[in-house]
Amino acid sequence: MELCAQNLDPFYPGSCRLRSGWDGIMLRIICLTFMQGSHETDYVHRILSDIKIPTPILAFHSRPLFAKSATIMNYVSTAVTPAISPFDHLGLTDVTAKLEDSILIVTLNRSRKLNGFSEKMSVDLVRVFQFGDQDDRVRVIVLTADPAAPAFCAGVDMEEVARGSSLLGRKEDSETEHRDPGGQVAMAIYNNRKITIVAVNGHASGAGLTALQLPFDFRFIWSGSKITMPFVRLGIAPESTSTYLLSRLIGEARAAAVLFSGAVMQPDSPVISNLYYQVLPNRTDVLPAALILARNISTNSSQTSISYSKGLLHHPGASIEEHHLLDSRAMKILGSGNDAAEGAKAFMQRRKPNFPDTLTKSLSPWYPWWKITDVRHPKSSKL
Amino acid sequence: MELCAQNLDPFYPGSCRLRSGWDGIMLRIICLTFMQGSHETDYVHRILSDIKIPTPILAFHSRPLFAKSATIMNYVSTAVTPAISPFDHLGLTDVTAKLEDSILIVTLNRSRKLNGFSEKMSVDLVRVFQFGDQDDRVRVIVLTADPAAPAFCAGVDMEEVARGSSLLGRKEDSETEHRDPGGQVAMAIYNNRKITIVAVNGHASGAGLTALQLPFDFRFIWSGSKITMPFVRLGIAPESTSTYLLSRLIGEARAAAVLFSGAVMQPDSPVISNLYYQVLPNRTDVLPAALILARNISTNSSQTSISYSKGLLHHPGASIEEHHLLDSRAMKILGSGNDAAEGAKAFMQRRKPNFPDTLTKSLSPWYPWWKITDVRHPKSSKL
Amino acid sequence: MELCAQNLDPFYPGSCRLRSGWDGIMLRIICLTFMQGSHETDYVHRILSDIKIPTPILAFHSRPLFAKSATIMNYVSTAVTPAISPFDHLGLTDVTAKLEDSILIVTLNRSRKLNGFSEKMSVDLVRVFQFGDQDDRVRVIVLTADPAAPAFCAGVDMEEVARGSSLLGRKEDSETEHRDPGGQVAMAIYNNRKITIVAVNGHASGAGLTALQLPFDFRFIWSGSKITMPFVRLGIAPESTSTYLLSRLIGEARAAAVLFSGAVMQPDSPVISNLYYQVLPNRTDVLPAALILARNISTNSSQTSISYSKGLLHHPGASIEEHHLLDSRAMKILGSGNDAAEGAKAFMQRRKPNFPDTLTKSLSPWYPWWKITDVRHPKSSKL
């Protein structure tokens, strides 16, 4: 019964069976009660289908309750048998994913279309980053592309736009109804509780520089990459929350220069260079460099400590005093945890730490402490 | 009747006549009803005088209703005949202005006084930047000085201060009544919906580095410029909203160093260098370099796209989620506009775009979406 | 009766006597009435003890009423005779302090413990920075360490943590009760109304890079310093309000890289270099370089102008308009002050200024204009 979440994948069922001793009806009630508004609902739904308990179809579009629902996931994962082959169940087409040790490597999969940002790519990216957020085995998520592709990402797929996709807003959508797919991806990455790294091994335009670079914790790039945010030259709005992120990341002087010039730059331009953690001379060097950092972090860092650090950085108090209350509380919580004990012991013994805590099992109910705005449109929230 | 705003200048009347078919009384009512609190009121007043309809004198000091009043301007511009010689009517003395294609070039005109920042200069700058904001023909505004002048701007005119000007607050003003003239200029530039560029071709101190540099989208500078914010060495407050802007532009570490040292720097100092888009070796190179960028932007960029981009950058949501709602809506609005259609077509046909939308005609009623604080003092708002 | 605060030290009594003509009871009532919640309470308490007026013991933990209580301090300072030997009375052990002209030099005093951040060090630092804030003679505060010490500061003293100190939260503290000692230090420095400079002449880890560097106005450092924020590698939270400050200081891109990598860097790393005002090649060069700036500022700057400048930078308005109201008011207040008159005169006469205004005597009742969150825990606030 005390199955560790690492040993099974409740999120991509397929051959799920209810374990003996578990009451399917009770499980279903728990799920439906607590999972309201959560993204995992449809995964749970699939599990519940597998175990032959009919459930009403629930569809949700945002991700507000991740942390809370982790508890539920724990119930589910102890109640059902392991599924097989996780990524098959995510239905990925425009990206591929593989898990190497604790590093989830995601690769853009539209090389022939210049890795153009498609609606399906946005759906795939949201799914796979949410998988990485939820699965305790994942400690770092790395996004990259085939270094032989003509581009890392040439921006939104203009052919798809011409065919009337939702990328710039569907015709039938009202002004307040549109939800920018790039923004959905940006939120899934920026709000991720694991470390996120992007390895930009080619040219990048539009969404390839906004959704696919700005929300990450670390950006590695090929020195020869041509990068640009051409929005003002296309008569459209800068998307993917780029006007929010860019200014926070490198300051408004640089953000304005990048956005309003619409110029094509290279990573060593002083206008944009502060964005990058490391610039590599060859396209094939970028992913390996990113993986060195990824392995270093995944081996040496505490999952809970990282999630709190990201929360504190992204959601600071309104003043130094309010922030002092937040990080004091975070310190008290983490300082009493198993990871802090192991961290101190490993430091004293001059050895690598082996942190036992995970987000599923060890996150305090206080997390997340900030208010999360529900971005769903009223029309769909009634589902 | 469907006169394009580009073809006439309602803002600087002089020989205005009511067009046949228009009712002057109706026009006056429209104006007085909708223009409450708008800066253009006195221009409209002059127009109304020209067309022999007496109006009460209305005086206003802030700029809260620009966008809304654009609609009114449209009424006015279709109701009256073109005026001649726009800049004559702005009554400029301490700056000069000329319109070259879609670039409004503004030049400081107090060389013999080291281009000292005077009360009249602040009035002139507010007027001319508001003209640039309102006139659809203007796509970029460039501020510069005579490269042969002893300074780009040596700060507030201390002689004027000694004579009791309003620059540091008039004696008769109460503590809450003073409105910093440099701040008025900074707001007229920072809130401008067109691209603003400053070409700093000489030394700059105080307001010459605050009001006349920080609020711009792009800063070009001569490498030999000596620049300083000497406020703490003069016993006065840093003005022109510089403590607001500097930290946003280059981060608080650099902002503190610039402000609290009061040191004289050059543009290549790491403390300040992030502020500048381009540093030029000769004073005479600065304006030409700025004009290359100005022409590039004015030729290739959409006016509506720029105004939304500036709004999103200057008025971000309180969280990534809230910002996602803002830029999704901006994208839906712009994505359905004529400029986006032209932008996509030009991109496909690999030619320069010819954007048809203008702020006067095409700005959505949603813009501006942010709350604008009225900075007028109660004493004057009763007018 | 019109004694200048410069001439006596009410904050570190010892041989205090009530001046003739003063009523001790009245003085006590004034103090107890107005000093509620202020840190200076215990200094005042000691003064009152010296003058043989029994007072109830008042203990407070935050610093919300500094500015207001300056008025009270003025009463006290005119009512009692000068004390001797200020620093004896602060009870410093883990730091030393000396006042050279108007520069307060504070030196970490735990060289044999690698200057490890101890609970007592945090108490000493809060006291000595509050002393510097309150004493009009102090214009600049410089923190440094012995350049021959093995480290500038090796982070929290792990032995003390193992002994159950409050550094990471005491066992008996509840989740909301812990107040991070590093954060207390950070607030005492960041909120200081005098210029603060740190001279980092050795390696720095954890609190040595957070509490002891980030809240300062200027950071000088030895180029060979190894610096790191190892929190995620120790399973604890980043402390000392570092997640608040770092992002504001150098932007979120760099802040994330420093925090989430937990890497050991040197000051010339592009990831962290923007933090530093000056990087010196030898350990022994760091303090002298810092003192050159300290002397320059203390000789040439206005105390009131600096306090307003820091307030405007740290507490900007919510928009450029709101900030315009703030800095206009600050300008009107300072522009009418003695320092502005002296500043203008000195500027005209091309001589050094001799600013007469001080915080104790000359700060406007409007200062501080921002809301200060009380960080005390309800349990202790009832004292």
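Each chain carries a letter (A, B and C) given by its place in the written order, and its residues are counted from 1.
Quick note on the criterion: a contact is a pair of C-beta atoms (placed from the backbone, for glycine too) under 8 Å apart; a residue touches a chain by one contact, two chains touch by 3 or more.
Note that the structure is predicted; figures quoted are calculated from it, not measured.
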- Task: With over half of the numbers shared counting as same, classify the subunit A/subunit C interface as same or different.
- Result: different
- Task: Give the rotation angle, in degrees and rounded to the nearest 5, that superposes the C-alpha atoms of subunit B onto those of its identical copy subunit C.
- Result: 120
- Query: Per the centroid of Cα atoms for each chain, what is the distance between subunit A and subunit C, given in Å?
  - Reply: 40
- Item | Contacts with two or more other chains, residues of subunit C listed in rising order | 251
- Message: Under the stated contact criterion, what part of subunit C meets subunit B in this complex?
- Response: 195, 217-219, 248-251, 273-275, 277, 293, 296-297, 300-302, 304-306, 308-310, 312-313, 316-317, 319-325, 327-344, 347-348, 353, 355, 357, 364, 366
- Item | Touching residues (chain side subunit C, partner subunit A) in the complex | 62, 158, 161-162, 168-169, 171, 173-180, 183-184, 186-187, 190-191, 231-247, 251-257, 259-262, 270-271, 314-315, 370-375
